[in-house]
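In the two complexes that follow, subunit A is the common piece, with subunit B as its partner first and subunit C second.
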Partner chain A sequence: MIQTRKIENIILSVITLCAAAIWVFPLYWAMVTSLRRESRVVSDSAGLIPDEFNLTSYIDAILNTRLLTWYWNSIGTSLIITVVTVVTSMMCAYAISQMRFPGRRLLYLVVLASFMIPAQALVVSQFILMNDMGLINTWGAIILPQLIVPVVIIVYKQFFDAVPKELREAVLLDGGGEYTLLFKVYLPLNWGITAALSIITFIGAWNAFFWPFLVATSESTMTIPVGITQVQDTFGVQYARVMSVALLGAMPVAVAYLLFQRRVTEAVMISSGVKG
Partner chain B sequence: MALRNKKRLRHNLIAYSLIAPFLAIFLLVFLYPTFKVIQLSFTNSPLIGDGEWVGLDNFRRLFADRLFYTSLYNNIYFVVLTVVPTTAIALGIALMVNRLKGRLQALILATFFLPYILPVSVVTEIWAWMLDVQFGVVQPAIEAVIGRSMPVFRNPQWVMPTIAVVTIWWTNGFNVLLFIAGLRNIPSELYEAAALDGATSRQQFMRVTWPLLWPVTTLVLTLQLILQLKLFDQVYLLSQGGPFNQSYVLLLMVYREAFQLNQGGYASAVALVLFVMIMVVSVLQFQLLRIGGRK
Partner chain C sequence: MTGVILRNVEKSFGAAKVIHDVSLDIPKGAFSVFVGPSGCGKSTLLRMIAGLEETTGGKIEIEGQDVTDQEPARRGVAMVFQNYALYPHLSVFENMAFSLRLARAKQSVIKQKVHAAAEILKMVDQLDKKPSQLSGGQRQRVAIGRAIVREPKVFLFDEPLSNLDAELRVQMRLELARLHREIGATMIYVTHDQVEAMTLADKIFVLKDGFVQQAGAPLHLYDDPDNQFVAGFIGSPAMNFIPARVTGRSDGLIMAQPDGAGAITLEAKSTGEGLSDGTIVTLGIRPECLRPAETGLSAKIEMSEELGGVSYLHARLAGDRPLVVERRGIREMLEGRTIHLTADPADILVFDPDGRRLR
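Up next is the complex of A and B:
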């Protein structure tokens, strides 16, 4: 009985490792390809094992594409989206959670409803709006529609609801106002959730494709996900180069994820409501 | 009394100042465009510029448009190809990963989750290379099965299943995480009690794990359903809707009509259909979650 359990365990572990190997293979293969010379990538002798460490295509990618501009656009827009979204959502969630004012219920209903509206279905009218505002091919157009992330408000509200009421009364008795309460008490109590929501918002903004693709049509305003699709046009079918650019584009968030794995994992779980 | 009213007013003003920044952005870039897209769908507007009110013409045209039905069919086909498979695969992976401990678990979990944080264009470029008909590393495997290499994104039968595979590879890590969170929420005493009663691991799964995991499973299923209905990026980047429109989907139709054919009104009508579809699914999801929460 114990013997069969053991064998079962070993078999399951082997299956797990095989599945993991299959899953990581595309990334492994992209890496191997990017480190080969272009002529070798498409030759018959190019095996599955890395046998070359050639950085030419990486250097070429950085020098001959506008990768650095795209990095800058991605970092700038994603950071602004994250900060503005988290701060405005936090303030709004605080008011909904802790204060009583006319329109409160309606506001929360609207937030919940907007959670169900697919932003993708609004692109036509959002594009027209951005065009009317003269923002096409600027950061403003990339940023503005991405500032609405209803889940941030919903999660903040849940966490603010859970803060003991005595705390609030004590601060109010001491003459503290609502802003003091929010920024000196509620925010410090919820740094963990703030970090989680910031991570989720940042990853979402960094990886956004459809919307930036519509409003950033000149190479100088493109973000990483949009920009790297231009590379194939520049390089043609030069796979080592295309893979280098793809990996460079994926690098910042991938590295950040590997460094802060636990935090990202928890952030995803919290924001989808399976863990509070 | 007057003092009380003044305090009340002050309180409300502070509340409004807290919600104002969010509300202003929300009204401008979300609520206004929502009404605008509805209004546009009743006009013959180009993308930029004014149009005339044409009543239900766009919808009449839409329901007579073969491309619309093709797109709708492909959207549903893609949902069938992805939603249940990815949920099943994610559950399997989560169960396997959950058995591991410590650093190994973290490492294996990272392996499955990593693709999820990649930009979609990175994902499509890697797969386009792997599936390249001449030099792709996967082609020998395809040859071994069907006897010849296959330009997957240019074959009407292969295009959607292949895009489904790419999508599952890309997004599955998210579902794995949700299942792992669900598994961790199951109290270990339940397993101990089951083991004491002599339950086999199969029975433990059927009687303990599966029922307690059901709320997470419905969450994953509905989130996936909504996500996969919004298919655009992968199709645009891998096959442009072809060949013979076999991977043409509703959001691609919105894009083509609005941004390439300059038919803002008609595109809005298509968008509205997708909008309603997703709203219906979302409301269902909301109800499901409420029922799940009450239990």
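Up next is the complex of A and C:
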């Protein structure tokens, strides 16, 4: 009995390790590539083992591309998207969950419905809208359409629904209103989920490619994922440089992930409906 | 002076009417208890006084002020909930200080009031803890402290002890009584436990199906119930009810033959107004009022509960009707025996077929 358990465990571990290796290999390869001289990247002598520690392509990326601008754009837009999305979604969810007003159910249905519409279906009309508003090639165009994240509202609503109604009544008796309720009770009770939702919203915004790619056509408004497409010159793709930009671009998210690992897992589980 | 007055108060949830035309006067400074079976509308009535439920009709006054349409916080009431409803993210101190902070009280005032409340509740050394670090009894004390700090005109309690274990419940009951003595505020307390009601109350309101059945001092309700429901609800073990046929009347007494008891006749003190011979009534006799006699109701004892000083005999009358008899100082084995019982006319209450008391 115990024997079979052990064997099962070993087999499982091996499978997980293989999966992890498959997943990690591109990352590893990017790292190895980015540390080679451009001339060696595609030559026969470039093997699987790292054999060079050459920072040229990193220096190159920083000096000869607009990486720092893209960083700034990515950080700026992602932060604004995160803060605005989380705050407005929280308030919307609070209203739907706790306040009684005509049209409440309808509002929630609209939120649920918009959850089911794929973003791609809206691209054309949103692009035209942004164009009409004169926002193409500004942060505005990158940010505005990304502010609508129905799943954040839905998750918040579920958590607010679960707060016992006596707490609400205790606050009303203590002389508090809706603002006290939301900011002094409902929000503090849900810091965990707030942190989790903020992180996934941030990661989503940071990694967004398709939409920023459409509306940021000048290098000065590009975010990092879009900017990576620009790292080539007239002689074609420069692999080492592209890889170094990609790694530099992914770093903040990786760091954020490592710092808040537990919260992120939690958030992904909640928002995909495994829990809550 | 009256603390809280309800006049013709009604409440419907959609089509369902749960409070029917309730009018009652709750004395200022007294400990009043709403008691009744589950679902009778006790909580709803309390929440209407608190302002947490809107009134569908009627008027509510607190210390002379019409509060029917007033916000909960403006009514001068504080409520203690069954599940405590403490703010889980705040310390005990901050829980108690919450309302004061909202009212922008000075830090020194907050400190002084919270400490005074903690003193009364013997919670001074727990002020830094979070609610999750407290026991059930301590949590309920914090909830009470949160109410005390607000110095309300009326304290409202909705079954505050029902989440506690039996021993703690008795202890907290005593503490509530002490608290009431110490601060002397108007308190309204909801429970479905009639023992709690009897021990705590200055005045009890018995509710059923959204109607007030009777109001009065605990012993008054016990001795002189207005109807069969109150008679059966107040008192433990409950009053025995025996259907009987009226066979005659004579100055202040009526004669009645219990169902299936043959020729046995019981006399009950009642003018018997409006009763004609042959009418079926219900006789109510408390377990402690039944005593053995040469002739009387014959009851077969099925089981006896010996509690030491007192025993309860669970018996069956003819027609399989259950009967409980209280005996003191007797320890002989009675199970399986048949005994004869009677009671003084003054101890037998008469109820008409609708359950109304015939005095």
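Assume the second predicted complex is superposed on the first by the 260 of 276 C-alpha atoms of A that agree within 3 Å, B and C clash if a C-alpha of one lies under 4 Å from a C-alpha of the other, contacts with A are read in each partner's own complex, and residues count from 1 in each chain.
Convention: contacts are C-beta pairs under 8 Å (C-beta built on N, C-alpha and C of every residue); 3 or more make two chains touch, one makes a residue touch a chain.
Model, not experiment: these values are computed from the prediction.
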Fit or clash - subunit C, subunit B, common subunit A: fit
Which superposed partner A:123 touches (first subunit B, second subunit C, both, neither): first
Partner chain(s) touched by A:228 [first = subunit B, second = subunit C, both, neither]: first
Contacts of A:106 with subunit B and subunit C, given as first, second, both or neither: neither
Subunit B versus subunit C, judged by how many residues of subunit A each one touches: B
First, second, both or neither for A:188, with subunit B first and subunit C second: second
Partner chain in contact with A:166 - subunit B first, subunit C second, else both or neither: second
First (subunit B), second (subunit C), both or neither touched by A:148: first
Minimum distance between Cα atoms of subunit B and subunit C in the superposition (Å): 5
Those residues of subunit A which subunit B touches in one complex and subunit C touches in the other: none
Subunit A partner contacts - residues on subunit B that touch it in the complex: 11-12, 14-16, 18-19, 21-23, 25-26, 28-34, 36-37, 40, 47-48, 93, 96-97, 99-100, 106, 108-115, 117-122, 125-127, 129-130, 132, 134-135, 137, 169, 174, 177-178, 181-182, 185, 201, 216, 219, 223, 226, 229-230, 232-233, 237, 251, 254-255, 258-259, 264, 267-268, 271-272, 274-275, 278-279, 282-283, 286
List of subunit A residues in touch with subunit C within their complex: 164, 166-167, 169-176, 180, 185, 188-189
Subunit B partner contacts - residues on subunit A that touch it in the complex: 8-9, 12-13, 15-17, 19-20, 23-24, 26-27, 29-30, 33, 41-42, 48, 84, 87-89, 91-92, 94-96, 99-102, 104, 107, 110, 114-129, 131, 144-145, 147-148, 153, 177-179, 182, 203, 206-207, 209-210, 214, 224-226, 228-229, 232, 239, 242-243, 246-247, 249-250, 253-254, 257-258, 261-262, 264-265, 268-269, 272-275
In the complex, subunit C residues that touch subunit A: 50-52, 71-73, 77-79, 81-83, 85, 87-89, 98-99, 102-103, 146, 150
